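Here come two complexes built around subunit A, the first alongside subunit B, the second alongside subunit C.
== the complex of A and B ==
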């Protein structure tokens, strides 16, 4: 394959822009296309190898999964809304959080978006549980 | 299921359409040609499902398309018979 064709394919697959920008006055179309790349579409992007861990599911991970499924059964959201909400976290959060931490974060965000809970209710509940756990230790 | 436009064995090419905000159609599949190997039940397309349109969203047949890995990746070093399968709603496919 010709080098130019190869580079064109790679550019098409790996358009993520990883430089931190500071609200520039203008950007080229190519950069706009790269910036609105949907985050979960990572197939083909260059990356460093990651060690594979034979790690079992932890309680909080299964609880997260079940909570999210129950919210689906009750019609609060669906899996595609969850994936979109994960992408909408932005690159820093999306790649910074463990898999199920992304799930539970966007479950909470979606419930807030839909007016089913409020951010202060959620914050108070987190504080309450944290205090309970600290008292136990 | 509504009559699917494509049959098992049909060669199809994935459209390379501008995407805003959300998609399930991978960049590596766009513009690539593969073969329909399976029908999937009609369902709300992800572009609508992702925006909470379960009731009003557009429903379409889905297809499993099998690509040769050599078609997808430049300089693929594995076996030439290696394949990859992915799923697309009907609007993303055109006859090859």
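== the complex of A and C ==
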């Protein structure tokens, strides 16, 4: 009886049909071609004109570049690993984050993934630095 | 963000609410942990910063000005890019001895002619010839530039104010991890008898990306002497 009630509720919650992109049974070849392009491979995609801003690097952006390059210099990763890790952030973060925020996010993830730092160490360091910077400002 | 040194109008930037930037915190955390763990040293970071501070479009400007003045150098620049760079003080092996982790690569200089105009892009990320042009402009890294330059180059160039005649072929070069490009614009009329130093001042960054042409009336100061790296 409980089971029947539960199923009744589920039927009310469930959509009548699947959403278009919820693992459809079939898709056109054209959609397959569009979907399997790699996230960063944007060349030729439609877009509208945007203003071409002249914006120099902020301090944290330049430091991000330098830190990521030093990690490469001393063998913690290379630039292909960085680009791959950026793609692996997924579309929301890849396009949603500022350019250098993508870099520093994947630098932290890669150091953790490789076991060079732990998430505890990273968390503690972040707390320590936040306290330091808030005291500064 | 806490330290905007954006001298422009700042439109089209995201509103900033918090006092301390999470990205600044994260960068400091990664850097300090990496130094504490001995992954790299504070001295490495300082040396890299010094190198990054020294590179800029003035490197490319000198290369183009020298090529305009010296046919033998031009030939060398077009065929052996990284070798030719040494003659103006640019060493692609700096600052690590094996180049930068992101740039050490093949360097090709693309010559504009009356019938061919070259322009560079990196559709996959933002590859750019940093040793000769410095850090890429922000717009070069935007998905919009990367998306549109490859299939609507004339439209994009027009937005930069560059209108090319129909009989000029536009060649778009897609940079990648192993190949970096720079455009060698044509020497404009009205520069006869100019010194290399004077010529370098009209070879702006955008003319070497390919979104502008040198204009004898538009001059940007270029430090004299060899490029300091």
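Following the convention adopted for this analysis, the second predicted complex is superposed on the first by the 101 of 137 C-alpha atoms of A that agree within 3 Å, B and C clash if a C-alpha of one lies under 4 Å from a C-alpha of the other, contacts with A are read in each partner's own complex, and residues count from 1 in each chain.
The rule is short, and it goes like this: a residue touches a chain if its C-beta (ideal position, glycine included) is under 8 Å from a C-beta of that chain, and two chains touch if they have at least 3 such contacts.
On a predicted model such as this, the values are computed, not experimentally measured, just so you know.
Colleague: Which partner chains sit in contact with A:117 here, subunit B, subunit C, both or neither? Use first/second/both/neither.
Modeller: Touch partner of A:117: subunit C, not subunit B.
Colleague: Would you mind checking which one, subunit B or subunit C, touches more residues on subunit A?
Modeller: C
Colleague: In the overlay, answer first, second, both or neither for which of subunit B and subunit C A:83 touches.
Modeller: both
Colleague: Which of the two partners, first being subunit B and second being subunit C, lies in contact with A:91: first, second, both, or neither?
Modeller: neither
Colleague: Quick check for you: in the superposed arrangement, does A:31 touch first (subunit B), second (subunit C), both or neither?
Modeller: neither
Colleague: In the superposed arrangement, which partner chain does A:101 touch: subunit B (first), subunit C (second), both, or neither?
Modeller: Only subunit C is touched by A:101; subunit B is not.
Colleague: Touch check for A:43: first (subunit B), second (subunit C), both, or neither?
Modeller: A:43 contacts both subunit B and subunit C.
Colleague: Share the list of subunit A residues that count as touching for subunit B in one structure and for subunit C in the other.
Modeller: After superposing on chain A, subunit A residues 41, 43-44, 78, 80, 83 contact both subunit B and subunit C.
Colleague: Residues of subunit A touching subunit C in their complex?
Modeller: 40-67, 69-74, 76, 78-80, 83, 86, 95, 98-101, 104-105, 107-108, 111, 116-117, 121-122, 125-126, 129-130, 133-134, 137
Colleague: Which residues of subunit C touch subunit A in their complex?
Modeller: 1-8, 11-13, 19-21, 23-34, 37, 39-40, 44-45, 48-49, 52, 96, 100-102, 121, 123-126, 135, 137-139, 141-151, 155-156, 159-160, 174, 177
Colleague: Contact residues on subunit B for subunit A in the complex?
Modeller: By the definition above, subunit B touches subunit A via 19-24, 26-28, 30, 46, 49-52, 54, 73-75.
Colleague: Could you list, by residue number, the parts of subunit A that touch subunit B in their complex?
Modeller: 1, 5-6, 9-10, 12-13, 15, 36-38, 41, 43-44, 77-78, 80-81, 83-84, 87
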